[in-house]
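First the structure, which I've put down as structure tokens, then a few questions once you've had a look.
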């Protein structure tokens, strides 16, 4: 019983982590058809930015809640700036090229940014645990849960709801669907495609940075954290169906619960869980759980 | 005057300069090399290491990144030897790198000293001619941890392990669990967890451990993962329920400071850092490192220093007159050499004189609030012959057979 | 019909073979690895022409390498010809099996599924402690039909051996590109419906390509195992695949020769970057890739085409 | 209707065909048999089910009900590539070409595929640029009068030329049954008749049975031996071109001709 | 209403439209007729901003070419691309409403009502998703969508291609009647038979050059 409860909570927390990490990626893919490897850099920069912020606020002795907000704001600011620079300065030049080539552009950017981290922050690692410590914990039976983890789940739920609502029920969301389908038509019917692209990429970048920021208190902010995140996020997004927000949510839940169950019940298979689940889902549904409708061609 | 003209001796230093292993191991290792080589060139190392450079000839270092695939590592090794014509290579942190480089080094007849990689397989699988490792292999870490735990926790009935799912983590756990079987046969291994390397998120693992009845948990995590695990577990109070044994904790304690829970059992892959004895040469090394980098040297720096000291001695032992000794002569001199460095007394006792052994030490972590400094208290030392297999016996087999012949 | 390309390729091959004894050893070994990896890249080119990119080509690379390594380890058999052939066959069999699955996928899903498959192999190998887990294990030096070279001779033999296999692969893949099945690559990328209505099974053609790329990947891995003398599970890790895709883009899908040139250039750039900027080599690599994409959108291979155009423009 | 011309079996026999998409009935109760070498025109309102009918015959859609026989072989539900291999080929309402290849390459690949040795090895061992395939491709390009665009990349083609290329790619394999879905829509009026004349007579010479969907009644009247009229998923008229086009329901619902007899200006 | 003068359009290095001039008066239905490859589509796409163009194009007093592509629809320009381009996951009705989402025009419901009244067959499948429609049905929806946006001028690229003659005739008459609403129409056609009798005026285009021709 306790195990079942633990699996559920651990799964939820892990799913929240995956979802927060993947949502920016799936958004950018969904709209721009770009499999954005730089997402790992956004995550890393967000985390480093957050660690810097936490360093500032820990020294300044601000209240914890304020510190947390400061951390998130600073990280998202980092995402905003990076997003604008990359989209306006680089991606703009390669739109229309082969999908794979664009993936490689983002990969190259990612490589460069990895070293930019070294130039800015050096090779040492940073800690930002204060917000997590401040959040405290609650005890449920034998289990102790960190309130910060519960906060993460809440953030994920809010993000998912916001994104779903924004895409399905707002004017902008529907315009986005048009841009996704065809840029030229969208422009011909009055949609500012350039702006949509920039906005999407910047929002995606900010979400990536947000992912890094909220994870920063839990982890050691160190070189290479971006690499791990990329594949994880790709897997979640592929399971859910590329570009689908609800898919990313369900994908994150499936992987989260499966992984938690594996750790508790069969730790030896933990390493395969994510790829195993991905392979199984893709075998059953070749294009992921949520597929975008294809027009009739004949 | 003759040797003022002599071309410098070139040494290739290979260490992680980028990637996740750079900060905990690669950079301290590299830094250790830098200051020690500088001291050698200035002739300022304490006796018997006080000759300028190696036997009077200055040294020149070339630093190479170990990051990348084994393929890249081997290619860069060849480049060092064949393109840059270095006289010796000192380096490597990953056991995979060492295993791949060893045969190439022998084939190219290139003198190579491994400084941090831990796998005992290097000299167990095959006799090596030009490859040396001054630092003891990793068996000592698991055995030492088990001995310390058993000595400190009398009524241990159950323990768990959380180790990274790759060779280092698996080997570390195998050694520790094997030693526990010998030393505390009544205690059972409960949860055996192997999260992915660099997983970053350990929520489910911590829950599993929280719901277990173990009194201790063993981990060979390092840096990023170690810190993430430490922060996450302390938010959920795992250390209040059981003692954590961190076999590489020493390398991370200066960074985690008061976040590392008091009472954690700390190892440093030998008597390194705060676990090292208070000798003159240790004080010297600690001082020059502090002076330059403003932070105490951690075990990779010690391992690098020990390796360079060993190489220097071997070189000088081989050197006859003014001529540069040949690689074969240095290798022959290196075999079975003994010396005392910052991390204590080294004896090249295993692997036909190619593999060093030293004593090891474990202690209990305590953050000294007054001094605002981490401390290791309750240090227990284990002689080299107590935690290392005797010559000619494979480490795994030695543990499995009950660690026969251990002299404690 | 001997075209100028073929002639140039043949001359380049002869030059590469003849120049080796004069070159420093480290150049030869670097080139050997580059040319072994080039086979994997060639496989990716075969797929890429169909619009498919595999982020899991390391699967076959690793299988080729482990096939060789395990045979050597268990039987002590060291003949390079047989070993490399078996490496290719082993990877080919795996490719033929997973091809039934992979051939249904396109675009990013093809890439992701192949990535997943290679990561599953990675997981299995990491879990196999008897094979050294992530540390891997060594492969003893090969023999060539009874000839057992050492030292410099071994390096040269491996180099020529790799070059010979490359040449055979290049000729066969070139012929494949000119065949009906090979020329359907672009059509499949452009419009599968039309291809089906021409009476061709798209799935089967893609399956064939998966197998061809798999065999090439296996051959590359087998050669790499012999050259490096060591295998480890990272050969199956996604970053390894990513590296191959990187080289493929660098080389361009334009011609067979580009794969070899691209691979060699990449190895050299990487090695010099590590040499000159040990802490910032990723930045150098990334910049090289970016500049290539921006200024040579069709890869290094297109340089040749440009030169030729300029030449033709001259009277 | 006049069944077989000289006593032999129909080349295409369709019985009780039905196709539903959810609640939409795109085709129902369609029974038609086409004798060899006949040229059949298909007309109908938009959304009447003409394309659906062609799609079922060529295997793109599986009928919900009914059978399709081609030369007495049941091809119902067979994949389209196998049906093509049997000798049925088609063109499309929206041109299906290879946009990144030149017109010539489009054509030569279609030609090479049609005349390859077959099988897996046949595909791999036959070169695509065989003299045969090249000759056939060039001849077809000439036939369709698009040689001006021979080396143009297909994505840059004007809409009309795309359609010609599309039809050319269906014709270049010289099938036994050819289905054309709105071959002339989008093709400028000056070219239309000339072109249809040349193509149709080439097809006649080769004894190819043709079924073409068409909205231009003059073309239908000129080239079809027989005309089927579709409305709301069923065949509402089937007869010679005259019989069908004079049918008052057809005039009201499809051709929009108010006075019987003449097509509109 | 629409005045084009000395318009040049190149795709890459190739000039496609050369010095094209034409004018459509208010409420007038005007043809742009030419054979395949003459440049009709290119000209219209340039007017919509999908291709860069030089020269002059004025809508009323508005300099069309100076306006970024997405701002043109807001000035009452309705466009029907020759390859339809409906958004597959929207319903037919959503596709028709689409331009008004971007421009945030008023009176949308009334206009939709009116469009449905002149094209009752579109109303019949208004709730179906655009991705399943037949070619001709999609054409109708694309026309309806253009009508939604085109309060001042409609740029229609081969609107009747693929429509059954009965329907094509009726729609032609509907378009001709837009005169009463003051909407101008420019119809590109390769098949003048469809439209000739409905047109007030027609321009002929050949190899990128436009000539005025009395009917």
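The chains carry the letters A, B, C, D and E, assigned in the order they are written, with residues numbered from 1 in each.
Keep this in mind: a contact is a pair of C-beta atoms (placed from the backbone, for glycine too) under 8 Å apart; a residue touches a chain by one contact, two chains touch by 3 or more.
Keep in mind the model is a prediction, meaning the values are calculated, not measured.
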Return the chains common to the contact lists of subunit A and subunit E.
D
Chains in contact with subunit C and also with subunit E, listed by label, are A, D
Greatest contact count: chains A-B
State the chain with the largest centre-to-centre distance from subunit E, centres being mean CA positions.
B
Work out the mean Cα position per chain and let me know which chain is farthest from subunit A.
D
Can you work out the whole-Å distance between the CA centroids of subunit C and subunit D?
44
Could you give the separation in Å between the centres of subunit B and subunit D, each centre being the mean of its C-alpha atoms?
76
Hey, how far is the Cα centre of subunit A from the one of subunit C, in Å?
33
Averaging over Cα atoms per chain, report the distance between subunit A and subunit B in Å.
37
Where subunit C touches two or more other chains at once, by residue number:
126-127, 193, 239, 279, 282
So which bits of subunit E are touching at least two other chains?
132-133
Flagged in subunit B as touching 2+ other chains are 17-18, 165
Which chains touch, pair by pair?
A-B, A-C, A-D, A-E, B-C, C-D, D-E
Residues on subunit E engaged by subunit A in the complex (per definition of touch)
45, 48-50, 68-74, 79, 81, 85-90, 94, 98-99, 101-104, 129-133, 145, 149
Which stretch or stretches of subunit C touch subunit B in the complex?
24-26, 29-30, 33, 126-127, 129, 132-138, 141, 150-151, 154, 224, 228-230, 232, 234-235, 239-240, 243, 267, 270-271, 274-275, 278-279, 281-282
Residue numbers on subunit A that touch subunit D, as the complex places them
297-298
Okay, in this complex, where on subunit A does subunit E touch?
171, 174-175, 177-178, 181-182, 184-193, 292-296
Within their complex, subunit C touches subunit A through residues 48, 53, 101, 104-105, 107-109, 111-113, 115-117, 119-120, 123-124, 126-127, 193, 238-239, 242, 245-246, 249, 279-280, 282-283, 285-287, 289-290, 293-294, 297
